[in-house]
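Right after this note come the structures.
Okay, so chain A shows up in both of these, paired with chain B first and chain C after.
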Partner chain A sequence: MTVVLTAAPAAVADSSRGRGPRAGRAWPYLTPLLVLLFAWVYGPALFTGVLSFLEWNLTGAPGGFVGLENYARLLREPEFGQAAGQTMLYAAALLPFSTIVPMFLAIMLWQRPGRTSTVYRSLLFLPVMVAPVAVAVSWRFLLNPLQGLANEVIGVIGLPPMNWLGNPASALIVIVLVTAAKVTAFNMLLYSAALSTLDRRTLQAARLESASAWETTRFIVIPQLHKTTLLLGVLSIVLAGQWVFTNVSVLTQGGPDGVTDNVYYRIYTLGFEFFETGMASAAAAIVLLFFALASLGWVLLTRSNRRRSSANR
Partner chain B sequence: MPTADRTRSVAWHVVLIGVILMMTFPVLWGILTSFKPANDIYSLTPFSAQPTLDHYVHALTAWPVGLLLGNTFVMAAGVVIGQVLIAILGAFALAYFAPRYRNLVLTLLTISLAIPPQALIIPQFLMTAKLGWLNTDVGLIVPQLGSSALAVLLLLQHVDGLPGSLLNAARLDGARPLEVLWSIVLPALRPAIAAVSILVFITTWNEYLWPLLVAPRQIDTTVQIGLRQFETAEGTNFGGLLAAATLTSLPILIVYLVASRRITDAFLQSGLK
Partner chain C sequence: MNVFRPSRSALSSSAPSSSALSSSALSSHPARRRLAALLAVGSVLTVTGCAAAAEAGPAEDITITFSSYNYGTAGAAGEGTQALLDAFAEKHPNITVVPEAVPVADVLTKTKTAVAAGIAPDVVQLGYSKLAEALETLPIQSIEDIAGDEWTDHAEGINQALIQTGERDGTTHALPYTVSIPTVFYNADLFTAAGLDPESPPTSIDEVAAAAEAITAAGHYGVYFGAVDSGKSDYLTQSVINSAGGAIVNEGGDITLDSPEAIAGLTAVQDLTTQGLQPAVAVDDAVAAFSSGDLGMLVMTTAVLGNISAAAEGNFELRTSAFPTFSDEEARPTHSGASLVVLSDDEAKQQAAWEFVKFLTSKEGYTMITEKIGYLPLRADLAEDPEYLAGYFAENKLLVPALDQLATLAPYLSFPSAKANQATVLFQDNAVSPIVLRDADVKSTLTEVADRIRDLVGAP
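Moving on to the complex of A and B:
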C-alpha cells in the first residue's frame, strides 16, 4: 500500500513572510524537486495519453497513429469491463475495514489510556510494517490445498479440503481480508490521531449527566470523528483497487476467471504480460481521466463546503 | 459495581487481543513454522519439540537472500537520501522565499499524490529502458525520486511552523539563504527529518511494483520480488521460503521494536491532522 494521503497540508494560508524580490532565488532550491516531478510523474502522465493513440507492441518498435482504436479494442474485450466491476467490488468490500472497524478499535484503545493501550496499539499496527510478500507467503502456506492449516481446521468439522486460491469466492475473500488487515491497522492509527485532539472533559460532563458509556460514544465521540470517517471512506473507495495490487499479484494473478482482477492489475497484465503497450496505455489513460475528474470533484466539494461553513460563522 | 467493571475490562482485553491475533496470525505462524524441522512443518502445534535453524541455513546458502537484502537496502537508502535532500531544499525554498507560485507548486505536489502509480508504469518503464537503467540501482532509485511530494509536504508543515521572527532576524542580519538553511532550519527540523526518513525507508523497503518491472532478474532485484521467484522455483520448500520471508521482514521489525513510538508518530504525521 502506498502511503498516499490526504487533505492538503497544502492549504497553509499565505505566509506572512515577505514575498519579496528575492522570490527568484528560490529556483535553485526547487529545481531538483520540479525536474524529477515532471520527468517521472507529470511527463509520464502525458506520455501515457500519447501512447494510447499508437499501435505498439512493447517488444517491437513504436507503430503508427491509430486514433481511438486502442480504446475501442479495450472496451470490446470483456476482461476490462470485468476488471472495472471488480474494482468497484473491492471498494465496497474494503469500506468497512477502512472506517467502522478501525474506528471502534481506536475508540476502545482511547477509552483506557495507559501502557497496555500503547502496547496493543503498536501490535495492531504491525501489519503495516511487515513486508507484503512475507505476509503473502505465510498465507500461501496456510492455504496450501494439500496439508495447509486452513484445510486441517475445516477438516476437524468434517468439511472436505478446499483449493482456497483456486475457488473464485474464497480467492476474492482471501484477497480482501489480507488487504483489510493492513488498511485497518493504518486507519486505526489515523483515528487515534483524531481522537487525541478530542476534549475528554466533554465526556466527563456527559458521564455526570448519567449518560451510559455507549451513549457517550454514540452521540459525542463518533460524531466528532465524522470528518475523519468521510475522508477515510472516500480515500478507501478511490484507492481500494490500488491497495490490493501486491496481494493480487503474489497470490492469484487476477484469477481464477478474473474474479480477483481489477483495472490496475489489468494495466500491468496488458502492458507487461501481453506487451500490448497501446491498450495498456488506453486503460491507464482512462484511470488517469477518472482520477482527474474525481480530484476536481473533491476540490469543488471541499471548496463549497468551506464557503458554506465560513458563511455560517 | 465492581463485577460489571471487571467483566467489561476482561471483554476489552479479549476483543483487542483477539483482533491482534487475527491480524498477525499468518505471519506469526509463518515465523514459528520456519523453526520447525522439515518433516514436522505441517504440524498443528505452534512450537516444535526440536526447533531448528536448518531452513535459515538453506535460505542463506542455497538462495541469494543476502544479496537480495543488500539490493533492497541500497534501493531504500538511495531513495531516502534522495527524497529527503530534495524535500529539504524544496520545503525550505517554498517557506523561506514564499514565491508567488507557491500555491501552484503545492497543488502540483498534492495532485501527484493522488495519481495511481500503476497508471504511469508504461512510460516510466520505457524511459528507464531508454536510459539503459534496467537492472541497475540507478533505475531502481531515480524514478522513485519523482514521488517526493509527501516528504516535501510533511517537511513544509514544520518549516512553516518555525517562528517567522527567527528567519527574519537571520535575514536582517544579512545571512545568506544557505546559511539560514544550514544553521537555523536544519537543526530545528532534525526530528521531522528523522520521521520522514523512517517513513520513506519503510515504504521503499516494502515497494513491490517498481522493482518487479525494472529489475526482475534474481541477482539485481529486491527481497520482495526475489522471494516470489523462490516460490515458483521451489514451490514445495515452504520451510526455506518462510525462513527467507522472516529474514525479509526482520530489518523492519527490529527497527519497529526499537522505535515503535517514533514510527507510529511518523505515520501519524503523514496522515490527517
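Moving on to the complex of A and C:
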C-alpha cells in the first residue's frame, strides 16, 4: 500500500512534465480532441489571420497580399469604431440581466417552493425554448410604431407613441431588453441549480441565530453564489455581443445610425454582405486579440490577488 | 470553388466544356494544376467510357435549381411563382426545376456563398440593385450565347432599356423578369374623408404634400415615400433624384449624388417628415398602416400591388396614380425588381435553364407574372393584345399609371466597381435613412457620403 501511495504521485508528476511511461499513453486519448480543436478553432483562426492580409471577395481566388491595408481601412471607417463601442455598451447593459436580476429571481423562487413557484419558473423559462428568430419577429409586430401593442399599452397611461426601433435613443435599450428576457431566464435556471447545492448547515445556523430572511440572503446565500455570479458575469461580458446578434439582424440591421451595431454583426456585414473578406478577417483578428489580452490581464490579476491573499494568511 | 463544378458536369453530360473550363480556371496554382490534371483525366475517361451520356441534352430528364426571393413567400408573389413553376413543369416534363427560397435582402449573399461552396443555383432571380456587383464578381453566363439562334426572335419585343441593363461585354447576361416601378397607391376613402377628390390625385410633390396635410388634419397618416427600402435598394431614392433633375452617377461614371438636384429632391421628401405629414417609420410598418387603411398615400414599387389589393378588398377603395413630378420636368422614376441570370456552366443544364428562362420571359410567362403577381408586362404589345393582357388591363386599372410611365423609364444606375452593392448600402444607411427619417442635414450628409463612396469605388 505504501509503495502505491508514494509511487502514484511521482508518476503523475512525471507525466505532467511530459516524461515517464504514462506520457506516451496519453496521446491516443488527446489526439482526437486536438485534431478537432485544430480543425474547428486554431486552424480557422490561423486562416483568418492569413486572410486579414489579403484582398479577397470570397467567390474568386484569394487576391494579392495587401499588408496592413485591411487593418488601416477598418480603423479608418467610422462604423467599426462605433460597433466596438456599442459592443462594450451591450456588455455593460446586459451584465445586471445576466447576474443580479436572475440571481434575485432564483432566490425568490427558491425561498417559496411549491407548485406556484414551479409554474412561475416555467413561464420565465419559456422565452429560452422559443426559436430566436421567431421571438425577434414577434417583437417586431409588438413594437410596430404605428399599430403595435406596445404603443397601445403605453397609450393607456397617457404616454405618446414611440418609434421603439427607429429612434436612436431607444433602439439599443429595446435590443438589450429583448435579449435580456432570454438571458435572464436561462441564468435564473443556473442560479436555481447553484442554490440547490447551498450548505444547509449555514442556513440552519442562521435560523438558530434568528437571522431575518434578508440577512440570511445577504450574508449566507449571496456569498455562496459568488462563483456562479463570477462565471455568468464573465460569460456575459464576453458573449453579450453574440447574444444580441439575432435580434440586431432581424429588428434593426445595426441601425438606426449604427447605434445597435456591434463588432460581430459588423464582421458578418463586412464578410457576407459586402464580401470584404480581408477586412472582416482583420476585424475578427482584432476582436480575438482584444479578448486574448483581456484574458491574460484577468489571469495575471487573479494570480497576483491569490498570491497576496496567501501571503496575508 | 469552381474547381468542383466541372467534374460534376463531366460525370453527367458535358465533359468537353468542363475540361475546357478546368484548364483555364485551374492553371495558375500548383495544387490546382494537379487537380486540373485529375479532372482532365476524369473528363477523358468520361468521354471515352460514357459517350452516350455525353450526347445527352435537355431532351433527357434533367434537374436544375432556381433561387427566387418570390418563391415560398406568403401572398400573390409566392403563389404566382408557384403557378409559373407548375405551368413550366406541364410544358417541359423532362426538366425538373427545384426552387430555392431566399430572403430578398440576402440574394447576393446567398448566391455568393453558394458559388464559393460549389453549390451555385443554376438560375437566379437577382435584384437590379445587386446586378452590377454580381456581374463583376459571379460566374454569370451570357444568356445570349446560351440561346444561340433563338436569341434574336426571343428578345424582340422585350423592353430594350431593361435588356441593356443586363448587358456585359457586349452580350446580354440578364433578362428582365419581375420588374416594377414606383407608383402612388392611395386610399380613395381617406381622400374623400379629407375633402379631397379621389378622381384628381396629386401629380407633383407639392400636391402630394397638400393632400397629405388634408389627410393628416382628418386624423390619419398622410403619405409615405418608401425611400428607406428594407432590401437596401435605392430604386425609390433614384426615382426622386432623377425626377428632381439629377442622377446618382453621371454618364462619365462620376458620383453625383450630392448634386444640387439630388439635394433638392431629398429635401422635398424630408420636408414631408419634418412637417409631420410622413411618419418616420420603417417601410414595413408603413405598408402595414396603409394596408389597414390608416395611411393616405404610399409611394412604393408596384411589386406590392398584389398584397395591398388583397388587404384593401372589402376595407377601402384602393387607387393608384403616376409617380409625382419634383420639378418642372416630367417625372423620371426608375425601376426595381429583378432579372434572371444563369450560373450553370454545364452545357445541358444551361440549355434546360434557357428553356426555363425563355418560358418565364415569354408572352405567356410575362402575362402570368402580371396577372398573378402584379409586376409590369415587359413586352410592350402584351397590354393591348386581346390574347394576353388587354382584358386584364381593361378590368384592372391599378397598374395603368405605372404602365404609362414605363415608356419614360429612367435606367437603373449602379455605382461603378465590384463594390457597387456596398456603396448602395452605404448611401441608403448613412444618407437616405438619416435624411428622410431623422432630419439629418441634407447637404452635408450627402456630401460626406458621396466622398466616402468616391473613396470606396475609386471614382471621381
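Quick note on the criterion: the second predicted complex is superposed on the first by the 240 of 313 C-alpha atoms of A that agree within 3 Å, B and C clash if a C-alpha of one lies under 4 Å from a C-alpha of the other, contacts with A are read in each partner's own complex, and residues count from 1 in each chain.
The criterion applied here is as follows: contacts are C-beta pairs under 8 Å (C-beta built on N, C-alpha and C of every residue); 3 or more make two chains touch, one makes a residue touch a chain.
These numbers come from a predicted model, not from an experiment.
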*In the superposed arrangement, does A:273 touch chain B (first), chain C (second), both or neither?*
second
*asked:* Looking at A:264 after the superposition, I want to know if it touches chain B, chain C, both of them or none. Which is it: first, second, both, neither?
replied: first
*Of chain B and chain C, which one touches more of chain A's residues?*
B
_Looking at A:219 after the superposition, I want to know if it touches chain B, chain C, both of them or none. Which is it: first, second, both, neither?_
neither
*asked:* Contact-wise, after the overlay, does A:145 reach chain B, chain C, both or neither (first, second, both, neither)?
replied: second
*Could you look at A:129 and tell me whether it touches chain B, chain C, both or neither (first, second, both, neither)?*
first
*Please indicate which partner A:255 is in contact with in the superposed arrangement: first for chain B, second for chain C, both, or neither.*
second
*asked:* Once chain A of both complexes is superposed, is A:185 in touch with chain B (first), chain C (second), both, or neither?
replied: first
*Is A:163 contacted by the first partner chain B, the second partner chain C, both or neither?*
second
_Let me check the overlay on chain A: which residues of chain A are in contact with chain B and also with chain C?_
140, 144, 147, 272
*Flag every residue of chain A that touches chain B in the complex, lowest number first.*
2-10, 12, 14-19, 22-27, 29-30, 32-34, 36-37, 39-45, 47-48, 51, 105, 108-109, 111-112, 116, 118, 120-135, 137-142, 144, 147-149, 152, 178, 181, 184-186, 189-190, 192-194, 228, 231, 239, 242, 245-246, 249-250, 264-265, 267-268, 271-272, 277, 280-281, 284-285, 287-288, 291, 294-295
_With touch defined as at the start, can you tell me which chain A residues reach chain C in the complex?_
57-61, 140, 144-147, 163, 165-166, 168, 254-257, 272-276
_For the complex, give me every residue of chain C touching chain A._
1, 28-29, 108-109, 112-113, 115-116, 137-139, 221, 279-282, 284-286, 288-289, 292, 294-295, 418-419, 421-422, 425, 429, 433-434, 437-438
*What does chain B use to touch chain A in their complex?*
12-13, 15-17, 19-20, 22-24, 26-27, 29-30, 33, 42, 44, 85-87, 89-90, 92-100, 102-103, 105-127, 142-143, 145-150, 152-154, 156-157, 160, 164, 167-168, 177, 199, 202-203, 205-206, 208-209, 212-213, 223-225, 227-228, 231, 238, 241-242, 245-246, 248-249, 252-253, 256, 260-261, 263-264, 267-268, 270-273
